[in-house]
Every structure is written in C-alpha cells, then in structure tokens.
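There are two complexes below, and they share chain A, which is joined by chain B in the first and by chain C in the second.
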Partner chain A sequence: MRTAAGPRVTPALVGSAGVGSARVTGAPKAGPASSFPHIPGSWRSWLWLAVPLLFVAVFFAYPLAQIGAQSFQDKYGAGVGLANWQYELSSAAVQKATAATLKIAALSTLGALLLGTFIALALSFVPFRGAGLVTRLIETVVSFPSFLIPLAFSILYGRTGVVNSVLGQLAPGLPALNFVNDVPGVVLAEVAFYTPFVVRPLLAVFSQLPRELLDVAGSLGSGPLAIVRTVILPAGLPALAASAGLTFLLTMNEFGIILFTGAKNVMTLPMLIYTRSIVTFDMPSAAVIACIQVALSLGVYCLYRWTYKKLSGANHAAPR
Partner chain B sequence: MLLHAKSARLATWTLLAAALLLLVAAPLLVTFMAAFAGSWNGVLPAAPTLRHVAGALAADNFSSLVVSLQTAVFASLLAVLLGTWAAVCSASAAASPGLARLADAVFHLPAAVPSVVVGLGLLTAFSKPPLLLNGTVAIVVVAQSMLVLAFAYSTVSAAARGQDPMVALAAASLGASQLRVLLTVRLPLLLPAIAAAAGLAVALCMGELGATVMVYPASWRTLPVTVFALVDRGALFDAAANTLVLLAVTVAVLAVIAKCRGNSAVR
Partner chain C sequence: MLSTMKKSRRAAPAAGHPTPAAAVEPENAVELRDVSVSYGTTVALSGLSLAVARGETVALLGPSGSGKSTALKAIAGFERPSSGRVLLDGVDVTDASPARRGIGVVVQQYALFPHMRVDANVAYGLKARRMPKAEIAARVKAMLEMVGMEGHAHKLPRQLSGGQQQRVAIARALAIRPQVLLLDEPLSALDASLRAEMLLELQALRAELPDIAMVYVTHDQSEALTLADRIAVMRNARLEEIGTAEQLYSRPAGAFTAKFLGGASLLPAISTTVVPDGGAMGSVLAGAHRMKAVAPFAVNPGGRVLVAVRPHAWKLAAGSPAAAAGWAGDGAGDGYTVNSLPGRVESVQWRGAGHRLQVDLIGLSERVTVDLPAMSAVPAPGDLVVLTVEPQHAVLVPAGEL
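Up next, the complex of A and B:
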C-alpha cells in the first residue's frame, strides 16, 4: 500500500553495523539451532500477540467459518449437503453477478491506473506552484466516504439531475441522459474514488527518482515520451503493479458506491449478498455467494501480496 | 522538469486541472451547493436555503450524527489499541520472522474481505448462542473496528519496524525494565504513527457503510445509513446536507487528532 523504501533502509543499516544484538545473531541462519537461544523471548512474543490474535479469531475467523457452515445448511440449520452450492453455482443470477463484478473491477482498475499515472507524472515532473497543496488534497480525498461521489453524480447526471433538466430546457426532444444507474456510471464513480490510491504510491516512487537521470536522458536526445517510457515507468512499475492489484481487490469488494448509484441492473456479488441476506432473508444463499466472493477476493489478495513482494524484493536487490 | 516546451506544459496542466476538477473538486462542490439549494433546475442552483442543513442538524438526523461519532470513536480506539499492540509485538519479534510474517498476514486479512461479508459473518455468527450480539450496539462497533484494524496495524507496524532498535537497547542496557522501555521509549516514539492511524480509522469509520448496513439495529443508525435512506427516497438535497455535516464533523475530529499529533512531536 505504501512504498517501503523509507522504513526498510533502517534495519538493514543497523544490521550491518554488527553490534551483537539479538536480531543480528538470529537473522542470518534461520535454522532451529540458531533460534534456540531465543525461545523464551519468542514464546513471550507469541503470548503477547495472543490478545489481538484472539480478537481477530473471534470476530473475523469464527464468523467466516460460520458463513462456511451456513452454506451447507438450510434456513433452519439442518444440514443439506451440497444442495445450496449446486443451486447457486448453476443459477444465472450468480454467474452474471460474478462476471459483472470482475468486469466492473477490471474497467475501474484500468481507468484508475491510466488517470492516476497521468496525474502522478504531471504532479512530479511538470511541477507548478501549488503542486504540494494538490498532493495533500488528493491524500485527504482518500479518507472521504466513498458515497460522496455517486451522490454528486446522481445530483448532476441523475434522471432528474441538473444536466438532464438543463438539457431538457435547451433541447426538449432529446432523450434523457441515463448512464448513472448503469455500468458506465458505476465505473466512472469507482475510477474517481480509487484514482488517489494509484497516485499516492506513484508520487512516493517518483519523488525518489534522481532528477539527473531525466536530464541525462534528455541531453542524450530522448523526447519526453521516450523518457517516460524508458526511465520513469520502469522505475514506477512495482508501485504500479501493487496499486493495480490493490485497486482491483478494492473495486471487486466495493459496495457503497454501487448501492448509492441505485443501479438495479448492476448486480455485483457484494450487492447480491446484501440483497439475499438483508432484503429477502435468504441466509443460505447469501452464505454461498459470500464464500464465492471470499475465495475470489483472497485469491486476488494473495496474488497482490506475491507480486508486491516479488517486485519490491527485486527492486531492493538491484544495484543502486 | 520533463517538458521544456511551454505549449506542452500548458497542455499538461490543462488536462491535469480538468482531471482534478472532475475527480476531487466537482463532487465536493456539487454536494456543497446541493446542500444549500432550494431547487436546482438550471446550470446553477436557485433559491438558496438553510432548510436542508437545519434538517440535518435536527432530531433524527442529529442523533444519527451522534451515533456515527460515538461508533467511530469507540471502534477506532479499539482498532488502534489492538493494531498498535500487534504491531509492537510483531516488530519486537524480529528474532522470529515466522511470528512477524504471521502477524502481517493475519492483521492485513480483514481488509481483503469485502465489508459486506464481514457484516454477514458477524450477523450469522452472533445471532445465536454462545454469544448473542445481533441487535446490540457492540456488533456495529466490532464490525467497524475489524474493518479498520488492518489500516491501524499497517500504519503503526511500518513505523515500528523503521524504529532504530538501538534506542530501546540503550534504554535496556541502562537498566530499564522491558515495560519501562515500552512505555517511556518505544510508544512515545510511535505516537505520530499512532495518531495517524487514529485519524485514518476515524475517517474510515465515519463513512463506513457496507458492514454497518448489514448489522445495525434500528435504534443505532449511523449517518451514512441515514444518507442512504434519503437517497433511496430521492431526497438528494437532504442527503447532500447530511453528507456535508458528516464531512465537517470528520474534518473537525481529524483536526483535533492532528493537533494532538503536533503536540506529541514537540515533546
């Protein structure tokens, strides 16, 4: 999520100083023999960690396990084997929702990546007075509620919104603009909300790129686009890949934005879970869909962690 | 400086301004204008009124705001406490990398699962014995703090791992007990990160919808749920006014936290 370049330097420096601290002796060989002297300490750490771990176990792992159990039971708690799964997996609604979830997430991620890369490039390499203020503004927007954007969209472009009423006065015959309640509206709102998630890590990486590199490339005759392609983007690739994974995960899990656009024909998996459980009280069905969603999300999450580790590790090992 | 031609720079800035205007400024501006609009059928809103904002601060909506604020504060406190606890443990356990890796995996995981599923899980698990939480305030607080725990943990643990271990070792070598090192050296050094985690947690909790909408009891309706109900009814201007109040209160809480953070940096 954040680039680890800053904090990661410190332990390495301390380690190379080679003072006989516990971590220096324990770190190089990770065999059972070398970790033996630290068993009392590490047992105590495990014990201390138990308190927050217990919280996650009781209020996260146990509920997920209960969803899993519920997916094999009917409404009254009697076991029905795989019947729920067979029914849901073969239902057109679930298949369509899965496809819609992936499609909206992919489109939103692509949009956020393109727009975010442009904004980060412009803020870092075509600086102007006030760029710092804009950067801070973008960082603030991340913590705003996600429904702010679909709400504004509805006011502006909704069926009875501002744009439609202005258009209606100017050209009464025109059909009303109606993209907010559909896939394009949802994708636009998600792009708007998730672009800062791409901009932030890129800005951090770009700020560490030595300006001399750009000057040298420029003096050797590369145009701006060539410099972006051959110097800047390769440096930003790990951050870009990581934020692509994160954005895809978050857009796949997105619920507030879609709920607020009130799009009846945009039924993603989170929306389907909400509808089945809260609106129609069909808990077994909701449980099965939740399991499918969790499997998808965790798959993407593991891929994201793996990519992030691989790329940042490769970057770390590269000679400076 | 990447672009030397003035025309290219101007073109880039125009594009940037357009993008930022659409992404960042427009939603805020539109919400702000709609909150004070009596009607909005032309390009600009007409008949300015304080009716919607006054409505947002009266009776039911105001109690929603108080509910949101209380939930956010308690959930954030819980998340920051547990997140800091876990982060300090996993940073001290550098000698056993397995522990640090486990902590990283476990405490980041809740953020990878959709909020709706977290809500559904709590609803499924705690609507029956041994622990009945469905219909209580606690379930809302727990849901929100579970969702922000990952952010609290990652903020604090990044700082904890960046800490110079020599400082704590020096204190220990001078005879300070582990507890004393923790309370007087390590935690004070982590205060800026803890404050940042608290700010992020409060902001996220104030706007949380996915899990809250699954678990909230009728007597404990947070402001985002109220805003959703208003949008669902088509009362967009009232929804905008309530959103504006929500943002204002969030910014105020963040300012208070930032103030604490500034003071702690001075010490």
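Up next, the complex of A and C:
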C-alpha cells in the first residue's frame, strides 16, 4: 500500500498500530517527519546535549574536580600526595564532626519520620475541619529558608527568649530552658523544617490507598491501630523510605540551621568545612573534608536507591 | 434440594416486618429498619426497610446511584446511618464498628492486601481474632481448597488473574465464618466469559453455605436472577420493589421494575374493563389497538396503565408484511386480532443466539424491542411487520414515572 506521499508502509503494522506508528520504508530523508534528529548517535543529538553538558562541566564538574585536586595539594598549590587525607582522617576533629553529622541527621530523620507519619495519618484518615488548611500550612514551611526555624526557636525558647522570660516571672526558682544552642535545639529545628518532606509524599500515597482496603480490614476484625500497622503503613513503606533517604541526605548537609542556632559545640562536617575554608583559610583541609562529605552523601544516596528499589519492587512480600 | 431450600427461604418474613430483638433465635440474619444515609444534603439511601433470613440470598439491583451499595455499607458498618436501625441476628449493631459485626465482605475490586501473599490475606481476619496459629493454618488451607486456590497460597495478589483474586477475596471473607456475607458487585471487574464462570461458582458456593445470609449488590439483572432468592429493586436511593425473581420478572408491580428487570417495552394504554382484584385478565386500548394483559392490581375503565411486554414475548405474525400493509394506511386498523400491533422495523441486530429488532409501532409512537429466536425468519430494516403477544405474557403496570 502506498500513502499519498509515496513511502511504503508495512501493511501488518497499519492494521494493528495505525498509520502513525507504521514502519515506513524507503521514505525520503527530507520532510517534516525526518528533519528532526531521531536517529540515535546522530551528531545533532549531541549538539542538543552540548549546552546543558557545558553548564554542568563549568559550574559543577570543574569546581568539584578542583576541590578534589586541592585535597592533594598544600596551601601553595604544591602536590603532597595523600598527606592531607592521612592527617584529616586521623584527626579527632574530623572524626567527631563525622559522628556528630551522622548522629544529628539520624535523630532528625527519625523525628521527622515519626512526626510526619503521625501528621499524614491524621490528615488523611481522621476527618476534621481545616485539614486542608493544615496541609497547605505544612507545605508552606518547605518554601521558607531553613534558618527561619532556629531564629524562631531562639526568639521563643532561647536563654533570653519569650518562654524563659515568662517562666522567670512565674517561677523564678526554675532553671531556664537551655536547649536551643545545643544538639537538641538543632535536632528539633531540623525536625520542624524537614517534617513536611515526609508528610507530602505520604499524603500522596495515602490519598491513593483504596478505601475498600481499610473497610475490608475493618470488617475482618481489625481495629484502627491494627489497620494502620497492617494495611496503611505497608502501603506507605516505599514513600517512607524515600522520605527517610531524602531527609537524611538533606539534614546531613544542613548548614543554615546549625549556623543560626549558634550552637558552638555542635560541629558537623559542613560547619567544619566552613570553619576551615572561611575562618582559617585552610583550603586543602576544607577540600579533604568536603570530599568526605560528598562521599558520605553519595553513599547514603546509593543506600536510599537500593532500599527504595527493594521496597517498591515487584517481588517483595510481607511476612506471613 | 435447591428448590426445597428456596421454598423454605420464601417462608421468610416479608421486608419491613421487624423481628423482635428479644427472640432467642431470630429468623432474620440481617434487618434494616427505615435506614437512611445522607452526605450533607445528598440523600444516598432513603428509609430502607429490608429483612434477610438465614440462608437467604437477597440481591440489591439497581442502576448507579440507586443506593444499593450504600445499603450494603450500612449493613457492614462502613457508613453510619443518619437515621434508622441495623440489626444482625436480632441485635442492634447500628453503632457497632465493622470489626464487631463479624460480616464477610467481598468488594468489586477484591481489595486484597497487595503486600501480603494469598495465604496471609486469607489468614488476616483470623489473626485479627487472635486465633491460635495451628488453627489458622488449617482454616486457611480449608478455605483455599474450597475456592480451588490451594496451589496459589504463596503468590502475591498481583500475580493472580481477576477471577483468582475474586476467589481469594471470597475465601478471606468466609474464613472468619460469618453469618452474613455481603458481595458488592463482585463480578463487575471481570470479563464476560470469566463472569459467567464465576457466576456458576458462586451458585455452587451458595449451595455449600446453606446457613449464611447473603446480600448481593449488582446492576446486572442476570446475576440477580441467577443467584438471588429475592430481588430488591432500588432506584433513586429508595427501595422500589422486592420479591422473588419470578414475581418481579413475570408480574412487576411498577414500570421501573418492568423496564429495568428484563427490559420490557411499556405501551401506554387505557383500561376498558373492570378488574376488581389482581390476577385477572384486563382489556385495554393501546392507541387504537385492543389488547388483553394480566392485571396484577385492580383496574377501572378509563384508568391509565402501561402494558409491559418482554422482548422475547413478542412474535412476528405469519404473513406480516401483507397484514401490516392493511394497518399502515390510517394506523388504526379495522378490528384486527387482539394483541396484534403493526410496526415498521427500524433496526436489526444479530446477537449470536438470535436477532434483536427495534420496531416503531404504527399509530402508537412507541418503539419496542423484539427478540427473535435463532433460525426464525428475520425481516429487514424498513419492513412492515405485525407483532403479536400472548395475553398471559403481557402484564399491566401502573402508569408511573419511569
């Protein structure tokens, strides 16, 4: 069969998939359908990729490579081999900062997961007036800069904050609240800021959960808590894992919240990089720690991808 | 055996006659007393009273939005009635949670727990009831054997076909040994051949569970006619009519039931005789045509009625074209045989087992559906024909709103 334009169309394909998807043989190279680069490996494809690739190379890959290179140099640009790495990896400050980073990220992630899951469950399954407004408010938090939370914490709960002033007047004998400028303050601020990152994906998953599943579980004898445990949370597990991975990554790299809490004894890897690069101008040392930070982030990301794939994969089964 | 069972079921009290809750062994497994369900200003179910005896299957039949699924949810406890009471075995459970009602529920999309294997799905209700593990394993095995799914115990729901998932859903619902089984359009997600197969299996299952009361929600009349001892026809959130399949099919009390159950053609007519009591033969004038039909209710001369005729009850009169030509002139005819109506064939559909005609009646401005059996002569579109119907196959229904 011949089309009006003349190319030969494989008849079997016309019947099943329509003319639009028919295989055309002997078609001229010119014309609207063939003028755009659809052929894999064509130089035109690479031309389209060139601009974004150039951007990534100039503004991401090159600076990253520079950091990597600097970690093997001294202050004057002379190569020192692995000396910087050996020194920093054995340094107590770096080890403590790594431990503090992981500890704060883990606690913040756990807190955000617990609070976020509870909020998402309440918003999805406990109907109350204003649930929509609460959801919008929670989403709004994501658009705030992260340092607003510790700033608000300082105003409210700081040593000279509102709560301490009131407590001081009501009960002068009570010791003042003093958690904002320490690990608990950082963790609470991160929990407050990153909880919406858990709530949002869970709300999306819960809204897709068929109501019949919950009804049937109820008719089979399960109470609300058992339904949450056996039906709702397993359905939300991939979203929970994704949220946990994302929150852990973000809290591990968090800088603004810690800076604004003014917690001098909370030294995480980003804070250490800041101190070494901006305060003491020890760029090689900062470069080594930055590389450690990048390695940690990539490791966590890989772990998150693996977990997510495993949980949302086609063959996983819950215990009997 | 089946007929004996149906006989005993028919002895169940009629709908709307509540059984005293104090009775030791109440006859009704399910009873709805004037139950209404509203969502804001929208009434989803209005004043439904219905009783289902132990061992009885009642089908709630109606179009979308008729309130049938809402009624089922009210029984299961998924919806709280805005008024009225729900009783199970004579006990008022209106305020009880679904978990406390002990009802088996099978829904349209099966609602198998996707992260659990087949055996875990069936065991779910037993675990919720804290049954000993050994008993759970035995019960799950028995249930899966009952529905022929014992070979699939370790699969996930997504690895099963629709029919297999439906079997698992039934096994899961029956595993808790409920006294009431609610089925909400359980076959509607299946393709035609699988639906027919599952219908047979449900029929067999029904025979194996003589003591369970079943409420079966469907919009498919063939499912209702096959499975139900009684059919409750629902419309606009209300119960339109309830009765045995035979009663509703042969002697529908309303125009909606006649149309919805069996797709009867309804011809407007005026009574010309007195029928003091239901059941006698009445004479009517449909347009200019004299007709005789069963009158299940009292009729007076001049009363407006509808003549309901099922598609398969129409016959083509012998020598139709010539006979119809005689009618076609003025549309009134000149005293031809009673229950003979001339018409022009509008369309012909071949349906495998026979042909379906749409015929525009001459002088009545009505289009009727005619099912011709296989091997019969089939007229062409545009042909003039004369349709006849045996008086006992035509039934009068009140001229109500359709």
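As a convention for this text, the second predicted complex is superposed on the first by the 263 of 320 C-alpha atoms of A that agree within 3 Å, B and C clash if a C-alpha of one lies under 4 Å from a C-alpha of the other, contacts with A are read in each partner's own complex, and residues count from 1 in each chain.
The rule is simple: a residue touches a chain if its C-beta (ideal position, glycine included) is under 8 Å from a C-beta of that chain, and two chains touch if they have at least 3 such contacts.
Being a predicted model, the structure only gives us computed values, none of them experimental.
When the two complexes are overlaid on their common chain A, residue A:Val134 makes contact with chain B while staying clear of chain C. When both complexes are overlaid on chain A, the residue A:Pro210 reaches chain C alone and has no touch with chain B. Shared-chain residue A:Ala295: touches no atom of chain B or chain C. By the document's definition of touching, neither partner reaches A:Ala83: not chain B, not chain C. Of the two partner chains, neither chain B nor chain C is touched by A:Ala99. In the superposition on chain A, A:Pro234 makes contact with chain C only, while chain B stays out of contact range.
Of the two partner chains, chain C is the only one touched by A:Ser222; chain B is not. Of the two partner chains placed by the overlay, only chain B lies in contact with A:Trp48; chain C stays clear of it. Touching more residues of chain A than its counterpart among chain B and chain C is B. Within the complex formed with chain A, the chain B residues making contact are 1-3, 8-9, 12-13, 15-16, 19-20, 22-24, 26-28, 30-31, 34, 40-43, 82-83, 85-86, 89-90, 92-97, 99, 103, 106-107, 109-110, 112-118, 120-126, 142, 146, 149, 154, 158-159, 161-166, 169, 199-200, 203-204, 206-210, 213-214, 224, 227-228, 231-232, 234, 236-237, 239-240, 243, 246-247, 250, 254. Listing the residues of chain A that touch chain B in their complex gives 1-2, 4, 6-8, 10-11, 14, 19, 21-23, 26-27, 30, 35, 38, 41-42, 45-46, 48-49, 51-53, 55-56, 59-60, 62-67, 70, 115, 118-119, 121-123, 125-128, 134, 137-138, 141, 143-149, 151-156, 158, 160, 162, 165-166, 169, 192, 195, 211, 214, 224, 227-228, 249, 252-253, 255-256, 259-260, 262, 269-270, 273-274, 277-278, 283, 286-287, 290, 293-294, 297-298, 300-301. Taken together, the chain A residues at the contact with chain C in this complex read 210, 212-213, 215-223, 226, 230-231, 234-235, 237, 314-320.
Contact residues on chain C toward chain A in their complex (touch as defined above): 73, 76-78, 97-99, 101-105, 107-109, 111, 113-117, 119-120, 123-125, 128-129, 156, 158, 172-173, 176.
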